[in-house]
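The following pair of complexes shares a single chain, chain A, combined with chain B in the former and chain C in the latter.
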Partner chain A sequence: MDSSNDEALDIIITNVVATFRVRCHLNLRTIALEGNNVIYKPDCGKVLMKLRKPKITASIWSSGKIICTGATSEDDAKLGARRLARVLQKLGFRVRFSAFKVVNVLAVCSMPFSIALIDFTMNNRPIASYEPELHPAATYRIKHIKATVQVFSTGSITVTGPNVQTVATAVEQVYPLLFECRKPLRK
Partner chain B sequence: MRVCRSCGGGDIDVDQARGSAVCTSCGSVLEDNIIVSEVQFVEGSGGVSSAVGQFVSADGPVKAPLLGSGFHTSVGKESRAQTLQAGKRQIQQLGSQLKLNQHCLDTAFNFFKMVVSKHLTRGRKTEHVIAACLYLVCRTEGTPHMLLDLSDLLQVNVYILGKTFLLLARELCINAPAIDPCLYIPRFAHMLEFGGQTHEVSMTALRLVQRMKRDWMHTGRRPSGLCGAALLVAARMHKFRRTVKDVISVVKVCQTTLRKRLTEFEDTPTSQLTIDEFMKVDLEQECDPPSFTASKHKAKMQQLEHELARKLDEVEGEISCYKDEIESELEKSRPKLRGIYAAYAKEIDPEDAELLSLTSEPEVPEVEEAELNAAAQHLTQTFLNQVIHEEDRHGKKADDSDQGAGPENEGAGPQRLAAPLAVILGQLPSAASLSLQKTFQSFGEETGGKPDDEQSESGELDLKDIDDQEIDKYILNDREVEVKTELWMKQNAEYLKEQKEKEERIRKEKEQGTYKEKPKKAKRKKDQVAASTAGEAIERMLEKKKISSKINYEVLRDLNSRGTESGTGSGGGSSPSRASPPPLPRLALRHETTQPPPQEDKRR
Partner chain C sequence: MSASVTRCPGCGSSNIVDDDLYCQAQRVCVDCGSVVSEGVLTEDWTGHTEISYSRTTAVARKPCLNLIKGLQRVKAICRILRVNNEIEKHSQTYYTQAYQHEAFIRVSLQKKEVLAGCCVLVSCRLLNWPITMGTISCLLDADPVVVGAVYQEMIKILNIKAPVFIINDVMEAHSQEYKISSLHVPEELAENSRDLTKRAVALVELAADTWIVTGRHPTPIMMASIYLSWQSLKPNKHRLKLTLDKFCQMAKVNKLKPAMKRIAEMKEVLCKLGREIPWVREEVTPDNVMQQVEDILNYRFALLRRALRTHEETLQAESEASGEDSLPEEAASSQVSEHGEQNSNAPTAEEYELNAKSAQRPRDGNDDPHTEPEGNTGGGESQAPAPNWGKRVLFAPPCVVHPKRRRVERPECKDVTGDEEISDSEIDSYIRTPREAREFAQTQKMLSESEKT
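So, the complex of A and B:
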């Protein structure tokens, strides 16, 4: 996936968050009583339903808006969302699957070298910020593609962005900067 | 500048003292009583001359302070001015507690003015914003104040302050220099009361910290932790007895962190030097960061494990045939099929087990325990028969590959088991087996794939790749719904009561006309379900306190109650717990079990 390196860098997508609507009012109590893998949280006003395949957790609100988390790819998320809508349909609600949108994608990637965070922060001053008292990683926010890269000193990075393409672009963008600040390892 | 009205000449003489403008060519007076902006002096008592006038701030109110009847409450001041004044007061207050000098406080106030003008105070508590401004000043000036100190003073979570601080730094484009742990050393050393030798101890600690920095121990870590470790070592080097507890009370990290830093430092070659050597010599070699060494160590361990596992596999192949024979013998003597059934089911096909558990449920509540066991055993037999057929197919495919050892053994195992099972069980009612066969065959079709052909238009559901059968598993049937409803009502009785009372209240208020929309606060309800034993009470408490969500309480309970073998993990945990009915009802558990809890009550 990386152009400037002989060994390929594995970007592993760990979480995809998507939202969609079913365009009808849902009775949470019915879902809670007739559903099999559901947790009803009346104080938050939502129902959590967990699907086994694909492994997904969905928060269902009575307005018909649903947030679907835990998928490992965009297609998986869509499949899970459709399954969920099918379950709701079988429970007797008049669902219409609409407005499916992948909202957030979280990926991790591991560099084959360690990174000197203080140098990295100094080189990329306003875009990168590093606060060791608060969080052990340096945060690099790429504004124009709306992605955030968290860089750890061990060389692993986590990238969050609105879709998978953005994440890939972000990694490619940040790689040369990381390469400059790598730590030469002695042992 | 100006031209004279009468003659048109441009030469005009303006006299500031007399306050008049006169045209020099024709002599006409153009202006009289010009308002001047000169400073006037007045002689006071004792010959002291002082300037006339009052100082008014540039950003203050337009209205001048009244002479004579001065109102203390600022009436009619602009909101912006009020905000700034309140902010200034708070900054002074907080800053004096931190013992910051006036210059820093003024800078902080400037930051605050910038923040207010950029409208960043909206939606944030002024306290937080003030604290963030002060911390910004501390960082730019390099004072040894930590964010933790500020959060201590305000009793606010440090991460909330940190969030505000990061946001302000980004918006104001202020690049705060990175924290250097060396800055904190003199402050902590002073607090640890080394008396006359404070300076020397600080120097030693500084050298230690610099050494740590070069050994890459400081990236990604709290600087206070490093300082704590350095000071502890420095104190010991100078023969001061400072315990870990003293140091952590000053430095504000926990014991574990300090010990970890000390261990990491121990791993560096510098730790091997004596005190004198350390003061004089600087080792050239730099270390790898401790997390890197830890991960390398882990990788090595994993590699070792792999090799061991491979060797084990080779040995296992020889032993496995003996193992199978022993197992078959055991089967004959002890009909504990449940456990093995679950184990096989899990290895082969978790979905089959799930399906079977669901389909067998309707039959279960009507059968007594003895009959249940018999039925379960019969199910096992028929299921295993089916499985053997499948396994034969799989086994043939896997023959070619080197990894055939595993599945082949599995295929051989159930085969040998089937024979003694048939001997033991004999003939049992065939209705159950028929229904089971049918569902199993339908499941077999399902695994082949049964896509629906509905088109996905906007709003319509595209049902491709969605197996309806599987979806049906997610929905309970009517009987289950009834029981679950009852259970749910009982469980949430308090909440439902509250809701009713609230509605009543609102209705009454509406009639009276005093109904107000109040903002809803999320209340934490306490489920007070009675526990039958102390063990269960502790379990409930543990759950509520969320000490661990990874403990499979079913297995724990089974261990306590029966001491029989249970399937590992939550997948196998569901089946064995059905056969050996747990003595306690599982009302409050929220784990991902596929079976509804009320079945347990009925079977008791």
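So, the complex of A and C:
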């Protein structure tokens, strides 16, 4: 079936979430005072720092754990994380960049056909579930690779998974199922 | 307790009896009364598992009061909805199972009530008595989002394969809510509920075939189809002028905002089909399409086929005119094959009827069907190969036909490896100079002081 599909599908990664540790206690007040582009949130106990390049938002906790969101690739996320660690180092903390891990990847993909969601759900129960009263998309959870695919009737799908490879595998796995439901609803 | 001690160490007699002091086992010499040996008063703590108070003091295990109340609530909900006994029994079984699962045993009583509603909902779905989640949320006076979350968790825990929600089944129940029989409104605005439902179901089926239903919330679609069917059953000026607002007030239902958009979408589809009717000479617009709705619904399959054929011919003509290759043909023919028909050589009974009827009506001798080019197919073809496939086909989900503007693609930095050198100057831009920091601190101080005063 792949050989008959001449157009390649564009999987666009829109968000990569990664965490890492700096192995030292951080004084959030100091960061808020001396850092540019920071927002201090004392009620949540964290500081938000936004980098310009790559466009990343980081949540920094005083324990030294940091979560970076907004990157568009895994390498981008790593670069942003390292930049962030350098900034903290310059602010005077004894940081050691460690335990970098990409936690979540969100990608979107667009099929060139509409998908009949009711047919798709009935063909793939119980892995697929569709409740039009709650959410316009059908959810397809692939347990063994821990990926979730949300299928919209317009043919767009969003895929979330723990890394980029999983996301690609998920798209490959779900494409044939979508292809067979591409006819419009008919009795 | 060893029985080997037979002599009292005090007086030497062998007359020793077991004489317990309350719960302490003791062996006493009868002659002199001294205690020869005694047992331990309490057990050593050997780290036994905790036994709950209810287990140590209960005589027999009583059923949980909240479970009983919950089952009564399930019964009450079933009685309100007037479902049959089997559904009631199933709901109670599911409720008992779910209640005792660890995911639900410790949740709040409010959530347990929502769980009761969800059990009724799933039993109704399994036994072909469809109700919407909105009905359950109304009954329980709960947030639909919470109801949805509890429902999905319950399905996962109990491993139930609930059938998918089909809007046609719920249509009848929904239309009962509208109070527009002759008992409630004046005669000229009244409608028989059976006719209304029948036409509304046909409209909903048509909407489902033309991508209006998939992925959308069902209740506004049902409201739109009832409104349109009410208008079309007697399309006089009075009814056509009445807005959705006034209609909902009259029928004593709450108006839903998305219903307005659905009405517009459905009218567009009806216009597209209305143009294919052979005996209609004038231009079909959303304003005058209501008169044609009865014919459109009666012959909708034939009209759909005609519309698609016309669209295909239009695309072919355009591509020939602009001298392009057969890309649009492929799309159009795939549309035709999607509808599962053979190659338009065998007109069905409906088509015969249509043609016969058109022969009866007065004609000016013009044989061609109304071939107006659909949508804006012309503009896209001359540009890049696949501008928007949604504009090429006749019926597509409305979000594809009117896509949101894509945000500007960021220039891909493809050569990022993650381990590059980071220059100092770049990092310095993220740190305030000492002077800036001092000024910032001062400003903060001044602001907080002025807030206090």
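Definition applied: the second predicted complex is superposed on the first by the 179 of 187 C-alpha atoms of A that agree within 3 Å, B and C clash if a C-alpha of one lies under 4 Å from a C-alpha of the other, contacts with A are read in each partner's own complex, and residues count from 1 in each chain.
Assume a residue touches a chain if its C-beta (ideal position, glycine included) is under 8 Å from a C-beta of that chain, and two chains touch if they have at least 3 such contacts.
Only a predicted model underlies this, so the values are computations on that prediction, with no experimental measurement involved.
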Field: Fit or clash - chain C, chain B, common chain A
entry: clash
Field: Partner chain(s) touched by A:E74 [first = chain B, second = chain C, both, neither]
entry: second
Message: Applying the document's definition of touch, where does A:S98 land relative to chain B and chain C: first, second, both, or neither?
response: first
- prompt: Of the two partner chains, chain B (first) and chain C (second), which one does A:P132 touch, if any: first, second, both, or neither?
  reply: both
Task: Kindly classify A:T158 by the partners it touches after superposition: chain B alone (first), chain C alone (second), both, or neither?
output: neither
Field: Which superposed partner A:R23 touches (first chain B, second chain C, both, neither)
entry: first
- request: Have a look at where A:R86 lands relative to chain B and chain C in the superposition and call it first, second, both or neither.
  value: both
Contacts of A:N37 with chain B and chain C, given as first, second, both or neither: both
- prompt: For chain C, which of the listed stretches 291-299, 309-317 or 363-371 runs into chain B?
  reply: 291-299
- request: Please write out, lowest number first, the residues of chain A touched by both chain B and chain C across the two complexes.
  value: 33-37, 49, 51, 53, 79, 82-83, 86-87, 90-91, 114, 116-118, 121-122, 125-126, 129-134, 136-137, 152-154, 183, 185-186
Message: Considering only the defined contacts, which chain A positions touch chain C in the complex?
response: 7, 33-37, 49, 51-55, 72-79, 82-83, 86-87, 90-91, 112-114, 116-118, 121-122, 125-126, 129-134, 136-137, 152-155, 182-186
Message: Can you tell me which positions in chain A touch chain B when the two form their complex?
response: 23, 32-37, 39-40, 42-44, 49-51, 53, 79, 82-83, 85-87, 89-91, 95-98, 114, 116-118, 121-122, 125-126, 129-134, 136-137, 152-154, 183, 185-187
Statement: As the complex stands, chain B meets chain A at residues 146-148, 158-159, 162, 165-166, 169-170, 173, 175, 178-179, 216, 218-224, 285-289, 291-293, 295, 456, 458-463, 465-466, 468, 470-476, 481, 484-485, 488, 492, 495, 522-525, 590, 592, 594, 596
Query: Which residues of chain C touch chain A in their complex?
result: 132-134, 144-145, 148, 151-152, 155, 159, 161, 164-167, 208-211, 213-219, 338-340, 386, 389-390, 395-397, 399-400, 410, 413, 416-420, 422, 426-432, 437, 440-441
